[in-house]
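Presented sequentially are two complexes of subunit A, the first with subunit B as partner and the second with subunit C.
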Partner chain A sequence: MIKETKIISHAKYHIPGGIHPKEFKSISNQNAIEWLPQANELIIPVPNNLTDKQFLVSVGDSVVAGQSLLSLDDDLFSLQIHAPCAGVVLAITHKNIGHPSGLPMLSVIIKTELSRNVSSEKTSSLVSPDGWMNLQVEELIQKIHDSGIVGMGGAAFPTHIKLNTSVNRVTTLIVNAMECEPYITCDDRLLRGHSTEVLQGALITAKIVGAKNILFGIEDNKPQAITCLENAITQYKNTPGENHLTLEIRIIIAKTKYPSGGEKQLIQLLTGLEVPKNKYPADLDIIVQNVATLYAINDTICHGKTLTHRLVTITGDLVKKPGNYWIAFGTPLSHIVSTLEIVSQQVSDIILGGPLMGQIVSDVNIPTQKSTNCIIFNADIFSAKNIRNESKTVHTECIRCGECETACPVSLLPQQLYWFSKSEQWEALEEQNLFDCIECGACSYVCPSEIPLVNYYRYAKSEIKYLKVKQQQSENAKIRFENREKRLARIKTEREEKRQKTAEARKSATNKLDQDPDGKKSAIEAALKRVKDKKEKQS
Partner chain B sequence: MEIISAILIITFFASICGALLGFASVKFKTEGDPIVDQINAILPQTQCGQCGHPGCKPYAQAIANGEAINRCPPGGEAGIKALAELLELEVIELDESCGEETKLRVAVIREEECIGCTKCIQACPVDAIVGAAKLMHTVIGSECTGCDLCVPPCPVDCIDMPFVETTMNNWRRTNPKQNTIQHPESVIAIKQIS
Partner chain C sequence: MKISSPFIHDARPTNQVMRLVILALLPGILAEIYFLGWGVLLNLLLCSAYALSAEALVLRLRNRPIKSTLSDNSALLTGLLIALAIPPFLPWWMSLIGVYFAIIFAKQLYGGLGFNPFNPAMVGYVLLLISFPTEMTSWLPSINLANQQPDLLQSLQLTFLGLTSDGLSLQDFRLLADGYTMATPLDETKTAFSLGLMTTEIIQEDRFLPNLTGWIWLNIYFLIGGLFLLFNRIIRWQIPMAMLISLFATASFLNMIDDELFLPGWIHLLSGATMIGAFFIATDPVSAATTPKGRIIYGAAIGFFIIIIRTFGGYPDAVAFSVLLLNIAVPTIDHYTKPKVYGSQIKVKTDV
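Then we have the complex of A and B:
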């Protein structure tokens, strides 16, 4: 156990449920960080809310490393993408990128220039390390927006949006260094090698949102990372510059338990506060950022680099040299397979992310993305499908043992959710707070009947969302139909009125004609009147 | 004497109750027919007329009057189930004479062929087609219910009804239930926890 110091303390609170799967972290955390040789071809998926107009490059254009590929104008909700390496745009086309739907996504394909050394490309205009202190909050967020930074713990939510909604609202920045899923060690290695940069990123973030405290949440299975971080913090505290931020910086160590690295779980562990339903951490004056995100923020603000590479754990029993590698976004898995001499015939399923929550893919042409923190190449027997109960086409029925309820970190009733999902009782599922499920997979892991519970919840969530959209559409159609009916009825009555009016007018006209067929009578009368008037005037 | 007082008391209470009921019927009057609205809420609002009624509301009215609940192809099986549950009727199969349950479709006008006759605009039950006489028309895809009603009036046959494409925004997960044993044997799997 790590000794408590002024900086380090142990978590006072705990989360319900949780599991203790075997970690497999020592496979990859023994080796120092390396650069993966550059791939020949990079596949950069385009965020799916864009139109063709917004491309800054077209097929055949040369690109330099770190060049922006999209024109975003002032669109706050869009995400920038960059060319990770110098090269030529080969095509802009739809490619399979390993989305759970299996749908291809519009991607920019870049043929790279192999002559260049990868690591030398990661530098451009250097700003003085303290230069950011003088920048305005808006400028800092704009830089982060331009750099295309997303939450790199796995959710890939655009960081500039998260920061924007938290400015002047939060008092505490929580840094997520828990890394609770088995196999993954990239945050561990990042802290061991670059804790100063991560701390700097945290300071920048704290300045942006106006936080007064920085809490590093880390599990006790990463003692070296904790030491490195402590040293970095001590060093920062002992060298006060003129722009020194007065902040309380602490490391809080939690006992290793999955899924303590979930955003809401981490907040609960460190502060004892639960994020209420339909609320966000910002409502509790808290913002959570992953260490890799903070490293990227530091890189952008202090070194002017755009987000083009990330640290990825490559691990599994089929990898000859497992470890953590800097990999350019868009690198196809096939390149990793060939470079690291992985026997591709033996690979049954490749896991992008952790074994419990990651994505299982079988196509080696899929590229790595901003959220890909780990790639696991395992032979069949260790496949994640076993852990997640997806390996069999059939499973036995729930025996109502209640194991899942003790494992759920959100205190839901997984068993009830399962039965309701199976019988498609959507309303009951919402009452059971299905949407608070974080899909961590702890329930599937402990299930003795090997039911892929999370798959049921995901299916139910997807169906409920679909039905809500459909309901909204039919509601719109109903309103439009009713409005049309009203309009048609109105036009009909208006026509009827008009018709009646013209008919009446015609009728009165004919009546007049009947009384005075040629209008002679009235003409004579008028003439007589004129004569009479004249006479009166004369007399 | 007793009889008279009894009659008086009962008359008195009866008149109070009558007044209360009369007041309530005015004060809490329900607009329209609630059961028709409930049925209408289940119907898909495609307004396609495949049931033989000019729109979903008239069919809802007809169902309330005792017509069969299986005459709505766009609502499909799920719709029949929901109606059966609401009206406490038996679930029956879709009436094939009305049509088949198909995937959602959307009307698309081949714009270069459109002659601007406005016939489809008049046919569209949800005002999802825009255009003017002798000018090109187009369909507002997000508002189109895929009812098919604009197709027959078109004199140049320039309206297609393709299926709605699956995109990142509207894809759905597959039901994992397909992969389970419905009636398990008494086997309890003992899982090796690694």
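Then we have the complex of A and C:
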């Protein structure tokens, strides 16, 4: 147990459920951070809905590192995309980038200049390390926007949007350094090597959103990272500058348990609060940022660097030199395989991310992206001890043992969700709060029948969403149909009324003529009178 | 291959869970064989064979894999539970009917393991109890009281032929030295109460306590197996605890009202099928309530009904009836006891 100090304390609250899988973290956290040699070719996916005008580069153009590839008209909801390294645009084409849909995505292919050594690539410092204190909040957010920073814990949500919606709304910045999934160690190594920079990033973020507290949430399996972070905080507190922020900065240590690093779970662990249904952390005056994101913010604000690389854990039993590497976005996995001497014949499936929430890919040509925090190369992804091979195509049936329910961090009843998903009872599923499932996979992990529960939930969620769209469409169609019916009926009645009116008018006119000869007479008299008047006027 | 996360997995597979439950039955099985004789062993062998053959038969008809399904050990467990519930020396064809009905009608016709709304073993047992009430309540006195216990050969003859080669029937073995036909303690008290006897008079009978002792030991051995399951996290505490507490509380409450008309709680707790029911029957996860709160309600209700039926009903024991009764209520219980999910309750912000 790590000793409590002024800065360090242990989490007072806990989350329900959770699991304790074997960590496998020591495979990759023994070596210091290194730079991965640059790849020959980078694949940079861009949105599929762009017009030609929005491309700032075309095939054959030279690009420099950090050059913007797209013109997005300063739209604050867009995400800037840059060339990670200097080179030449080879093509703009559809490529398999490992999208979960399996569909190829429009990508810019850059042939890099091999002569350059990546580690020396540093754009000039635009701002002195402390100069940011004088910048306005809007300027800071604009810089973060221009740098293309996203949440690097996995969700890849644009950071500037998250910051923008939190400005002056939050009092607490929670830094997510939990890293609760097995195998992944990039946040651990980042904190061990760069906690000052991460802290600086946290200070910048706190200034932007107006936070009064910074809480670092970290699991107790990273004692070295905790010490480094503590030193950085002590150092900051002991060297008061003129622009010193008066903040309470603390490290809160939680017992290692998966999935403590989920955003909502972390908030619950550190504050005892639950983000209400359909609300956001900002509604609790909280913003959560991952350490890698804060490092990127510091790099952008203090060193003027664009986000072009990230720290990636390369691990697994096939990797000769497992560790954490700075890797340019868009680097194909094949380059990692060849550079790190991974026995490629044995690579069958690669996991991007962790083994509990990651994604499996089999194509080595797909690129790394901003959210790629870990790549696992195992001979057999299930071969490691404690991990059994899932060779069976059919799982055995659920016996409602309830192991899943004790593992669920959200207090759902996975066994019931499974039952209703399988029988496609959508309404019952919503009643069972299916949409509160965070898909952490703890239920599948402990299932004695080895049911791929999360698969069932994903299927049910997408079916329900699809049905809702369909329902909305048919409701709209119904409204349109009803409106059309009303309109037609109205036109019909209007036409009928009009017809009746004219008919009546005509009828009354003829009636007048027939029944009232005096009318005729009076008309003649009136005419005569008019003639008479005219004559009198003339005379 | 798994196509989507999670890619790792660590759990005791279902067949191992079932195997451990069977293992946990062992102390109780050995005790029952010791106290009630070879007939128990015969029942166990017969019912296991019946259960496996019935399951295999239906799986064949349903075109399902036979070997892998049989190896989930669930049919075997059902057979063993029925064997332990029925009296020794029950004619072989009666246990056949019970087990086949349990496996075919109560389990496989619903879709097999995981789909049966009722506890199959209890369905089979209740069918037998209703159809053959005399045979199903003809228990031997426990060994410390028995005049003579059938040996292995006699047991075989009783089960398959109804008579031993020297012409003894089961009823002869049930006679005590003084010519009294013995039944289970619960059955004894039921009869005694109907004859207008008081609790103290029943307990003071010479043969009552020795007979009860056997059943108390039986319950203790099943309790030991149950605790093994509990400590290995194969069953959860809610159902057995709730059931035993509510059973004891209900019985004690009645006993408090009139200790001459109602048995004391401890006798209920340690006789009949109380312990095997609490740890091995009510805990069948497939047919039990599945929410944490629901399990407590489910267990407590079973305990309550056991006492009510034992005391006021027509049958001496009531575990099977109570379990089946609550099986019906499971969907309702589960519906109203959903746990509160994350974010559904607004908490007051506290200091960090």
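As a convention for this text, the second predicted complex is superposed on the first by the 457 of 539 C-alpha atoms of A that agree within 3 Å, B and C clash if a C-alpha of one lies under 4 Å from a C-alpha of the other, contacts with A are read in each partner's own complex, and residues count from 1 in each chain.
Basically, a contact is a pair of C-beta atoms (placed from the backbone, for glycine too) under 8 Å apart; a residue touches a chain by one contact, two chains touch by 3 or more.
No experiment lies behind these values; they were computed from the predicted model shown.
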Identify the partner contact of A:Ile366: answer first if only subunit B is touched, second if only subunit C is, both if each is, neither if none is. neither
In the overlaid three-chain picture, which partner chain does A:Cys186 touch, first (subunit B) or second (subunit C), both, or neither? neither
Please determine whether it is subunit B or subunit C that touches the greater number of subunit A residues. C
Contacts of A:Pro409 with subunit B and subunit C, given as first, second, both or neither: second
Going by the contact rule set out at the top, does A:Gly441 touch subunit B (first), subunit C (second), both, or neither? second
Touching A:Asp349, do we find subunit B (first), subunit C (second), both, or neither? second
For A:Thr271 in the superposed arrangement: first (subunit B), second (subunit C), both or neither? second
Counting only touches as set out at the top, which of subunit B and subunit C does A:Ile399 meet: first, second, both, neither? both
Pick one for A:Glu450: touches subunit B only (first), subunit C only (second), both, or neither. both
Output check: A:Asn433 vs subunit B and subunit C. Expected answer is one of first, second, both, neither. What do you get? second
Go through subunit A and flag every residue that touches subunit B in one model and subunit C in the other. 21-22, 387, 396-397, 399, 445-450, 452, 455, 458
State the interface residues of subunit A toward subunit C in the complex, per the touch definition above. 21-22, 172, 182, 213, 215, 252, 264, 268, 270-277, 279, 284, 349, 351, 353, 355-360, 381-382, 386-388, 390, 396-403, 405, 409-413, 415-416, 432-433, 436, 439, 441, 444-450, 452, 454-455, 458
In the complex with subunit A, residue positions of subunit B that touch it: 40, 43-47, 55-57, 125-128, 143, 145, 166-177, 179-181, 184-185, 187-191, 193-194
Could you list, by residue number, the parts of subunit A that touch subunit B in their complex? 21-22, 48, 99-101, 103, 105, 387, 392-397, 399, 422, 445-452, 455-456, 458-459, 461-463, 466, 469-470, 473-478, 480-485
Over in the complex, which subunit C residues touch subunit A? Could you list them? 1-14, 16-17, 72, 74, 112-115, 236, 285-286, 288, 290-292, 334, 338-347, 349-350, 352
